[in-house]
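You will see two complexes here that share subunit A, one where it goes with subunit B and one where it goes with subunit C.
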Partner chain A sequence: MKHITKLLWIMLFAFAGSASAAADLEVNTPAIAAVKASMQARHNSLSTYYASGAVGLTRDGNVAVRDASLVPLAARQSVNGLVADENRDRAALYREIARANGHPEWEAEVRSTFAQRWIDKAASGWWVQNAGGAWVKK
Partner chain B sequence: MGAYAQELQLRVDDIVAPTFSLRGIVARLTLATPATLEISIDQAKFQAQEWRKLTLHCPQARIENDEIACRQGVLDSGEKIALSFHYWPKKQQLELLLQPASGERWQAQLHWRKDKMTASLDVKQGKIMRLNGWLPAQDIRFSQGVVDLSGKLDWDKAALSRFDVSATLGNVAFSDAAGTRASEKLGATLRLQGGRADAWRWNASADWREGEVYWQPFYFAPGTRSLSAQGWLTEQQAIVDQAQLVWNGIGTARFNGVWDRAAGRIDQLQLSGNGLALDGAYRTFLLPIAPAGMLRNLRLSGTADANVNLKQGQVNEASLAIHQGAVQQDEKQLSINGINANLAWQQNQARDNRISVSGGKLGKLEIGPFKVKASVAADRMALDPLRIPILDGALSVDAVEARREAEGWKWTLSAAVQPISMLRLSQALQLPTMHGTLSAIIPQVRYAQQSLQVDGALLFKVFDGTVVVKDLAASDLFGPTPHVYGNIDMRNLDLDLLTQTFSFGSMQGRLDVTVSDLELFGWKPVRFDAKVASSAGDYPRKISQRAVENITALGGGGGAAAIQRSFLRFFEQFGYKRIGLSCRLSRGVCEMGGIAEAPSGYVIVQGGGIPALTVIGYNRRVDWDELLARIQRATQGGKPIVK
Partner chain C sequence: MQKRLVGTLVAIGLITTGCVTINIYFPAAAAEKAADKIIDEVWQLKPEAKPDAKSGKPANPAAENKGEVK
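For the complex of A and B:
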């Protein structure tokens, strides 16, 4: 009985693994296109802060204010707003990609795959979180 | 003395007290004229501050029975600081002058007798960074700024004690390590006065003249603000009897309250402000704490009277009266004008709220005056029936209720659209002129966590037929990916009215349209299963040559060109038996079909009568955007492009 349960678990995980491997991350829908366009429009404003180190990429697929003191006082509030809006869009992107794949339950996996992608694609000099959550400069 | 100066070396025991300690003290006195004094201290501690290898060199020292003095001394603590002091042991008086830099002076005088003390401190151009060492480890640090200060203290154990401190700060910059609390170029004047009989009575004033402050999440731009306050200080409490805060751009607020020093929280606070500028208050205090994407880019006008009462650190009661308010959101083309409101909220008790609005605009649609009356409590809200005039009809909303549950607020309401003429609606929305009416009965709408569900049906009476929208739902309604779902059923639409309205080319007859499984994103369809078919029944069925051309163009066939080449071009109108077209939209592609299969195509118009014409569509898969472009070309009355 114990063996059968174990076998079932292995099969379940094997299935989950193959399912996520099959996820199409490049899938496009009007919602995904709209979120991407919104993120693209924000990217110019954010990239200045990525480059200065004020904002970094987190290991959970979000962005975060890493060092507010690198931003002029009057702009700190708007950087907070940019970060909050970007994270809202990113959450929507992961959700919509999972949905477009017909598996809304894949959202967490899509997020973690994207988290690694963003970090891998980050430009030299940007700050990213390592697996332990510490900030490192690329 | 001769040529030999007499030298005395004194090793002093460590001095250790609860708040300070001095260790490794050596004093060396050279009795020449003038005498010189050198004191070295291995380690000095005062509260959290620590200095190592301190030396004091006094080239002009005087040590007498009734006077010990050091002129033009230098204190070396890593930084060399000019220092002079005079100490009169019998008079119990001390004068100390520190001149760390050119123009910078810290001067203190102390005079004490049994149970009495007077002290004064004068600072000129004092570098405010010198305070950094005295601040708690995790707190802010100054990086720039000067202070001019003059302070006086008269302390008398038995009688009245007094203090009076005034300070002017200039060009002050501070920040914490994370940059979440910071200032730049801050200029302010402060005054604190007080006296003690039984408890300390104080009054304070502060004027912020220039500079900016960021105190996450709030940003205070350069501007003038001033605070004046007075109160008491006891062992247990800090009491503010009355205080006034004048905030340029917002208005004046008054408050009084009690701070519980032991518990470290507000015991009681009463705050009020009249005629506060809504826009300034929104930008400064509400916008920074608004959730992502919500309440952004609003422009407000009008004023408000606000009252807030806190007890034991929590809001107990709050009220807000809005006068001649207006809200405008440019992106969503939303505006609400002439808002007058009396809003109130109270812990553990429901309060009446009233809002009246003189009008507004939702996109291109104007809305008329309406009134809202609501009962609001901490965990629930209920609105009296409300009627919002829209053109010649209205949206009436009944039974609005909201409850706060573990996962957030849940709203339910029922509503009805009282007949709005489609003529006026289509004109207002700048759509092709339509006739008929729009009305709806919506038994229940539920909204929670950005998801909306409509039970019941919306009914439109247009083109002499009916349009019923059912199973309407929306998700992520105010978020970045708002989706709308529903099913639409249209019956007996008059083709003549329809084709006239959209300049499609004349057709006579009746149509049924069903759109199932509809999903919209950003008000554009992304998925549906639609079927257009002739309605059942007996009615004239005619189709013009132009309509045939347009239908053919939609199906992407070459039928229209075929007409032009045949004798059929001599006829203006044809009879038909049935019309039918279906489109199943998915991933930007419309899978098309007709009434019946035809050789390498599908029948869109099945001919009947004389002259009869059958239209066949050949394209099974049409790009949705391309199809929309074709419909637009067809309804603009131009010649369809037939490939």
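For the complex of A and C:
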């Protein structure tokens, strides 16, 4: 009987150890990799518009057309498409990260973490939204 | 003896429930780290690079594979 008790304690500590070791978020799933690749491929096109100020980074973790007049008329349609596709990928990214970690309800928090980091990492000259939603140039 | 076993089981129950409870909190620091890693990859920034390369062109595309230690 004593042995069983001992064994149970060992199992308990093994479990507690493994539970607390999961400090990193899982981000290496096929779904996340696919979204990342798609966003990476799009970035070359989008970065031109970030730099010109036509497209900016929003405070909610998306991108948005900030000033369409900075885009030649012929390219406006394609910018709108780029922005829509990017936002679709970003939504998928946030959702997949939350899901990959077993907590779909974390999606909003993942999004707001990303929103802050996209803005922090934006190059100078790019436009980002501040906490009040106003556009500011970095 | 029987009592002790029951006590142990109850303790295990309580402690494991505690672990699960702790885990439902959003791991903000880990999320930030994950976000940084993904953003560096998507924007092809080197971890220590200044966001100076405004032209958006990475000097060497191989940089994207240089993931940080997880």
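List of remarks:
The rule is short, and it goes like this: the second predicted complex is superposed on the first by the 112 of 138 C-alpha atoms of A that agree within 3 Å, B and C clash if a C-alpha of one lies under 4 Å from a C-alpha of the other, contacts with A are read in each partner's own complex, and residues count from 1 in each chain.
The rule is short, and it goes like this: contacts are C-beta pairs under 8 Å (C-beta built on N, C-alpha and C of every residue); 3 or more make two chains touch, one makes a residue touch a chain.
Bear in mind the structure is a predicted one, so any value in this text is a computation, not a measurement.
By the touch criterion defined above, A:A123 lies against subunit C but remains apart from subunit B after alignment on the C-alpha atoms of chain A.
Between subunit B and subunit C, C contacts the larger number of subunit A residues. Touch criterion met: A:E96 reaches subunit B, while subunit C stays clear of it. Applying the stated contact rule after C-alpha superposition, one finds that A:S69 touches subunit B and leaves subunit C untouched.
Of the two partner chains placed around the shared chain by superposition, neither subunit B nor subunit C is touched by A:A131. Within the superposed three-chain model, A:P30 lies in touch with subunit B and out of touch with subunit C [touch as defined at top]. Subunit A has no residue lying at the interface with subunit B in one structure and with subunit C in the other.
Within the complex, the subunit A residues that touch subunit C are 1-2, 4-5, 8-9, 11-12, 15-16, 19-20, 22-25, 27, 32, 36, 39-40, 43-44, 47-48, 50-51, 93, 97, 103, 106, 109-110, 113-114, 117-118, 121-125. Of all residues in subunit B, those touching subunit A in their complex are 175, 177-180, 182-184, 212-214, 216-219, 221, 288, 291-293, 296, 476, 479-481, 483, 521-522, 524, 526, 587. For subunit C in complex with subunit A, the residues that touch the partner chain are 1-2, 4-5, 8-9, 11-12, 15-16, 19-20, 23-24, 26-28, 30-45, 51-56, 64, 70. For subunit A in complex with subunit B, the touching residues are 29-31, 34-35, 38, 67-71, 73-74, 76-77, 80-81, 84-85, 87-89, 92, 95-96.
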